[in-house]
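Take a look at the following structure, please.
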Amino acid sequence: MSSEEVKVEGACPTDEVRIGVYVCHCGLNIAGVINVKEVVEYAQKLPNVVSAKEYIFMCSAPGQDLIREDIKKCKLNRVVIAACGPEMHEPTFRAVLEEAGLNPYVLEMVSIREGSSWVHYEDPEAATEKAKDMVRMAVARARNLEPLEKMSGEVKQRALIVGGGIAGLASALDLAERGFEVHIVEKKPVLGGHAARMGQLNVEGRKVSGKDLVDYLVKKVKDNPNVHIYTNAEVTKVDGSIGNFTITVKLKPRYVNDKCTSCGKCVEVCPVTAPNEYEYGIGERKAIFLPFEGAYPNQYVIDPETCTFCGKCVEVCPEGAINLDEKEKEITLEVGGIILATGHDPYEPPVGEYGYGLSPKVITLHQLKRLLSEDGPTKGELVIDGKRPRNIVFISCVGSLGTTPNANQYCSRMCCSASLLEALHIKEKYPDAQVFFVHKDVRTYGKDENLYWKAIDNLVKFVRFEESPKVTVGKGEVKVEVEESTIQERLVIPADLVVLVTGMEPPKEIEELRSLFKVGCGGDGFLKEAHLKLNPVESLTGGIYLAGTATGPKSIAESIVAGSAAAAKAASLLSKDTIEVEPIVAVVDEDKCSGCGICVSICPYGAISLEKKEDGTRVSKVDPMLCQGCGTCGAACPSAAIQQNSYKDKQIIPQILAVFER
Amino acid sequence: MKPVMVVGGGISGIQAALDLADQGIKVYLVEKTPSIGGRMAQLDKTFPTLDCSSCILTPKMVEVARHENIEILAYSEVLEINGEAGNFKVKVRKKPRYVDVTKCTGCGVCMKYCPSKVPDEFNLGLSERKAIYIPFPQAIPLKATIDAEHCLWFQKNICRNCEKFCPAKAIDYEQKPEDIELNVAAIIFATGYELIADHSLLTDQYGYGRYANVYTNLEFERLVSATGPTGGEILRRSDGRKPKNIAFIQCVCSRDIRMNPNCSSICCMASVKEGILVREHHPDIEVTIFYMDLRAFGKGYQEFYDRAKEEFGIRFVRSKPATIVENPETKNLILYYEDTHASRYKAEEFEMVVLAVGVKPVVPDSFVPIGEDMFAQVKDPYLDPVASPKPGIYVIGMLNSPKDIPDSVIQGSAAAMKASILACKS
Amino acid sequence: MSKPKVALYWCASCGGCEEATVDLTERLFDLVEAVDIVFWPIAMDFKREDLEKMEDGSIDIAIINGGIRFEEHEEMVKLLRRKSKIVIAYGSCAHLGGIPGLANAYPREEILKFAYEEAPTVINQDRVRPMKKTTVDGMEFELPDFLEYLKPLDEVIDVDYYIPGCPPTPDLTWEAVSKLLSGEIPPKGHVFGSDKSLCHECPLNETKPDEIKLEELKRPHQVVLDRSKCYLTQGVLCMGPVTRGGCEALCIKGGMPCTGCFGPLEGVYNQGAKALSFLASVIDIEDEEKYREMLEKLGFDPIGWFFRYSLAKGMIYRKKGDGE
Amino acid sequence: MLSPKYVVLKKPDLSNELIKLGGDGIKKCYQCGTCTAICPLSKTQTVAVRRMIKKVQLGLEEEVLGDPAPWLCYFCGDCNETCPKDATPGNIMDAVRKYQIINYSIGKFAKIFYDKAYALVSLVVMTIIGLLGMYIFHGEMVTNVVDIDSFISSEILHDAGLVLLAYIVVVMLVHLVNMYRYTKRAIGYGKSAPLGRWISEFFRILIKEALFQSRLLCEEGRSARYFAHIGVIWGFILLFAATGIHFISDSFGLGVPETVPRLVGIIGGIGLLYGGIYYLIRRFEKKELYAKASHLHDWWLLALALGSGISGFLVTIFMYANMAMATYIFYGIHLLFVFYLIVSAPFSKLVHMIYRPFALWFASVWEVEEV
Amino acid sequence: MSDGDGFEPTIVVFACHWCTYQAINLAGTSRMKYPPNVRVIRVMCSGRVDPQFVIEAFKNGADGVLVAGCHPGDCHYVNGNMKTMRRTVMLEKLLQDMGIEKERFRREWISAAEAKKWVEVVTEMVEQVRKLGPLKLAEREVVMNE
């Protein structure tokens, strides 16, 4: 759509305003508290209301037919629906209006469910009065609503995948195979995320490890021409909106180019070490290092935070592959849709919680997985403090269910299955080891129940607790004290190894992600999907989809499925070449605009510009494609010349007045 | 691009159909019963947000009905599938409704005049429907269907009331089943689940079917639902009175080596939700939930479980009651259980008991290979969890493993993605 | 036909509007030629009785300036309304309440207390107050009551046209009167002057950068204004954007930022609130503490800054006494 | 009820031992509590089956040894039927009973009765001792007329009886002390019941449970098994009474007529035989759960009881039939069987006769059941 | 619910769609309870709330006005809430100068997840305003030029 003005011609026939009011029962949700009949009768008496009706489920087909017929029969030109909130069914009812030949934007939804019946169920009269007021306010606003023409914008046939973990790879692969160009931006120097470090994932049948899955996906993604991979890269700026995002990506320097033959000489000379985050803190790595064997890209990288740029590695590198003054580069991408597969961080218990950090005998589940996997620091041998532990105690729900002051409230879903899996691996490898599982509920849901049965069968000792256990770290031995709630005995378990079954937390950089991509977070801190059931992989912001553990704890299999689901949503977007944009953008009344430039300077999207008229004076102009419809300019415009469609002064002021016309 | 067929009109199938159609791919949505909506249509509220189930489902159903790329084949069954991935030839039988769908407006007049009463499957037999019926008010397609087994005309060729009173003259007793052949690139099976309510354990150990006030969780859901037989009022089957207390027993026919070793994933949260619904509308009714491991694993589930305990005062007892004995006069039910947190044997009387019965998938006869644990086999549980071993055939929702609504919706979208790749190649 | 009869009157006014009429200079003569001034108490000795004697509607145009402060003003303007066909509210005070309207921010009792007792220059131990009725050696004196609030003209009588400005510029006055005299009757309630804000006609408008971002706000006396650049962009509050044009930017040309005397544009409900809104929007400070400190330092006086002329219109009037 | 004592895990692989004793359900139980709830005996007093299995799973040896639950159980098998994991709780209870018997016995000597080889060796040793004893002390075998007394004089018998009695009392005391110590630590820790309660419970259990097995009666359809068990119990009591009367009347010369102890003996014998044969048939039928799998220690008790009973009858028959030689031989066999019975009593299944009432006693005193 | 004279204050709330309005919905879905005295007007961004609206609300009898938006850095439109911050700080001073008690006008940052905070703010504000009593406007015929 070219950038000429959004002219609202053929405004709704300015003759008589005819409003239809429809109040929904929503089963008992509304009708259980609010006297719907009273509200309907009240609405009938409001000026310009020609038809007021009620139905048990307005959103259902019969409910929608009710509206369609009324629009035709009573020639309605405004519709007010008092039911659930707009984010639930505004699209649904707009479609109903459109089908009945009425402009979809003369619809006003008022949420008497979330706004009144659900929150004032103890005072039905007040709830009914409030519902009446809300309907009156909605009618006052509806009276001044104007029809708006749908605007469509061009969709760039490219997708951006933020995060190269298992979910990001799954999304990228699906979209690429579907034929769309995909750009993966991974913060770390290698792909695979946490899944690549998860060791063996199953107990019986063909052995599968996290790394096998990542290798399979990476191999397919690497060979697919549609996919472009940027590792060691971060998104720094996001502009534009659905269908037309402009992304600025910073490619952080690797300081090692592809001449590197991984001979490892540089590692020997490198004087600086840091805890190895790819082994979750077990053992250390140098400033220059290969993240892990068989990673992609299989290239050494220098970690700028720990490197002192002493240059020893440069001298010793036979291939001259190290260049310490490699600068960071910046590229921009024009994409239609974005999939956030930004993953999670494992919960890191603070020092002292259950003795963590006070003794090498207290490790987290992730560290255990590293110890048990063949490509781990101890090549799969469970060695703690040089010895093989005989008594291993798992403590579950660390960091979840509020078991400790520092813990989150939510359940991290997959730690029960993951830890029982590791218990079975230990039993398989060391039959004489005694494994205790100190737990609240064992939440091995669905088919994972057989993990629980197999664990019992392998004589894993389950200790159920209500109050959290206490871990005391003595001089050389660790004791776990807990009250077993099903035998009402206080047990002291001498432990050679305590494994804290840690859950998942939102990644540290969740704050930056939020402001960068304008996506919200739920109560648990993870990214919030538009609706848990209606659209579990879409965010509230158009064109941005959420895959994997970004929206909450998931197992690896579930992350891959969520990756495909997010890809499906992105594919729906990219398979269209234009996308309809909400027309609630700002419009300028040129007779009033004095060209004072106030609006130009406060628009965060630079959507307003001053245009020089022939007579030399200046007038503001809005580019509908850039305008995101926030309305800030409308509030600031000193001569009320610029107004936001459907949030104009003449649409809000009547709402304020309606509050008091009791 | 060849069309794709989705078998099963539940929430998972609907989501797959929508995501395919949004990509411009034609979809045939085959549904066995007269209306799409599946099991979710029978639910009142959904956990953990307590949204009313039809507020989520019906708009998607309407979207499916209105989508130009989706053709709904309701009241139809798949007879035969041959061909291979990218080029399947599927024979579908459109079962006769004995109602001309082009004329029927779904006004429901025929239902008023039809004399023959039949237990209503939608309300799990708690109430009755007529021989000519519309499954539920928000059905899509909103068309009547004549159930030949109970129609007096077909059984004893008398009555024909519906024909007399139908304003749209849509009744057509001579309608024949119509077989059509469809050429599709991929087939997604989303045939959903049913409760393992027919196992002898229910009747012997818990007296379901013998004692009036013992319900399954789906029956209770219909009871609590505003569109249910009692309009949301909780009334005992024995004397129609409001119970003073209700007990929920978890893991009935789940995690049980004798018939279903899996955990059904949804019954813990379903019971917590139903408990909250009871406590919310009838604070005078005491609710007790007997559980072994309360599986509140999903997003927002634990907070929902905490609220059930703290805010709604639901009592949770870690125990699996061994048996139920009915007090003949009062029809109350005495539960014999061990409170494992006190290692104490107890017998407690409840006025109503709800069994959280385990689920088993509805298997589309031989089209999909079934694993030994009743659920459909998948090609690769990690890399291709929605594909069945047969190329081009996908299995989603409850058919491939027990899961809740969000996961079913996500699997629907995932299968749509995989099928769209196949469809684009063909 | 006979010359149109014109009446002029002034209420709570500073006399500036009379000055403005006089400022017509030579054109004053043409005016006098053209009209028959039948009532102009300040200029000629007209008494209230003269007005009462006229029949209703006999006056063609009544030009009233000043806000309604006393009961007497109320009576007179009602009388004038009865007597004349067209009433013009002349000048900010009649149009918006003007500077005297600022009194509405304080309750009546507080104003009188300050005026007659607390003012530093007043010595009034026994707290003598002007009385509505007093008898001095047998004679009764009456004083018009000091109204609770000062009201703009259109809140007392029905006003046909407004000539804004404090005072209205002579050209605007002339243009308005000549238009009316020539029979070009604009729609009722028309406010003379331009339909766009001052910025539209302000010579310094082009000098504005694309992005107006005020690092810091300053009071006019704290900065030497560069006369060639838009004053707002120099960090000083200029009411230009929110004030009706038509005054040929006299103040701006005189090196003083606009104070908003021409009143709000059409479609703006509250000039002061709108001024606050646009100024706050262009200040480029995102740290709340720093922002509050700056305002504190400036002695931020919102009523004085934004509501200099339109407080009577923009004020929230609460029942006095138990109100605050 | 939070017991302040700390239960330190010393024996984690306790489960394997009990699995060897027949409790392989331990590898299945996920603690749902159905067994405790379905157990008919729980109605009167909670039979905490589940808790005991958990203690076994956790390797809390002392807790398991102190748990009276196995002795409250009658192995009726209801729990096996309703267990959702098919973990056969009944068999686990049986395994724990055996384990307790072993561990209460001095130096765990009782384990010889759970190992075929040892059992055989012990049998041979006892036979040798028995025969030797008889060989040394026997008088001459009058063949024409049956003279038991001369064959083995009653004095010697009485002396041997006294020695065995002392043996029984001493050994049982040690075992009971072990039992008390474990049970006190497990369920009586920090509890003290008033003496009155001890006494009242003692008599209630002695009469109601020990002698009349009221709990076994509680389930209809099991009366046959009830009468059999009563038969065996009263059989032993009467036989013991018979020898007792005989001994007292001899040593104190009360001159109780010979027929009284004989009559009492015969009635006891009949009871013993009735019960013994009933259980024998059940063991072969393998229908009732407790009889499904019969181990060595089950056969051992049954064989000895029946052996002594039948041999006793044969002796009386042959005696009346005046067949001296047969009488003597069977009298020898009878003495041998009785000797085995008594010697192995504290270590074999028979000891449940003592352990069960004491367990009931401790349980009802310490685990106050709030109704 | 009210004390003494049964005065029920009316609080006009301007809520931004992306944060506060979602919190209001979340309070609904979580069945939280709060006094029914609030009347919510939804705008796309708190930056759309024109100080004129606040003044008009008071001029028409609102006993309290609450402007609620996203936390700094959360705004769906980059910095809409920063403009709200600057406007409301000035507005607070203006309203005080006009004799409106401090508690009658509040600005709060409430994110989409802070349903609890929304309930607390509303409950506290209704309580405070109830103590202050009704706004009691003078009987003046207020003419507004459209």
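Which chain is which? They are A, B, C, D and E, in the order written, and residues in each are numbered from 1.
Operating definition for what follows: a contact is a pair of C-beta atoms (placed from the backbone, for glycine too) under 8 Å apart; a residue touches a chain by one contact, two chains touch by 3 or more.
Keep in mind that what you see is a predicted model, and the values were worked out from it rather than measured.
Peer 1: In the touch network of chains, how many steps separate chain B from chain D on the shortest route?
Peer 2: 1
Peer 1: What chain sits nearest the middle when you go by CA atom centres?
Peer 2: If one averages C-alpha positions chain by chain, the most central is A.
Peer 1: Skim through the chains and flag the pair connected by the most C-beta pairs in contact.
Peer 2: A-B
Peer 1: Any idea how many Å lie between the Cα centroids of chain A and chain E?
Peer 2: Taking the mean C-alpha position of each chain, the two centres sit 30 Å apart.
Peer 1: Would you mind pulling out the distance in Å between where the CA atoms of chain A average out and where those of chain D do?
Peer 2: Centre-to-centre distance between chain A and chain D: 68 Å.
Peer 1: Can you give the whole-Å distance between the Cα centres of chain A and chain C?
Peer 2: 56
Peer 1: Where does chain C touch two or more other chains at once, residue-wise?
Peer 2: Expected reply: 266, 268-269, 274, 277, 281.
Peer 1: Which residue numbers or ranges of chain B touch two or more of the other chains?
Peer 2: Residue numbers touching two or more other chains: 49, 51, 255, 280, 340, 342-343.
Peer 1: Going through chain A residue by residue, note those that touch at least 2 other chains and give them in order.
Peer 2: 121, 453, 486-488, 522-523, 602, 632, 635-636, 649, 653
Peer 1: Where do chains touch, given as pairs?
Peer 2: A-B, A-C, A-D, A-E, B-D, B-E, C-E
Peer 1: Which part of chain E faces chain C closely enough to touch in the complex?
Peer 2: Touch residues, chain E against chain C: 50-52, 54-56, 58-59, 72, 79, 82-83, 85-87, 89-91, 93-95, 97-101, 133, 135-145.
Peer 1: Of all residues in chain E, which touch chain A in the complex?
Peer 2: Residue positions touching the partner: 1, 10, 12, 18-19, 21-22, 24-29, 31-34, 36, 39-45, 47-53, 56-57, 60-62, 73-74, 76-80, 83, 87, 111-113.
Peer 1: Once bound in the complex, which stretches of chain C touch chain E?
Peer 2: Listed in rising order, the residues of chain C that touch chain E are 105, 148-149, 154-155, 189, 266, 268-270, 272-274, 276-277, 279-281, 283, 285-286, 288, 291-292, 295, 300-303, 306, 314-320, 322-324.
Peer 1: Could you list, by residue number, the parts of chain B that touch chain A in their complex?
Peer 2: Within the complex, chain B touches chain A at residues 11, 19, 22-24, 44, 46, 48-49, 51-52, 54-56, 58-63, 65-66, 137-140, 142, 225-227, 232, 255, 261-265, 280-281, 293-303, 306, 318, 340-343, 373, 375, 381-383, 385-386, 401-403, 405-407, 409-414, 416-418, 420-421, 424.
Peer 1: In their complex, what parts of chain D are in touch with chain A?
Peer 2: 1-9, 12-13, 15-16, 26-31, 50-51, 54-55, 57-60, 63, 85
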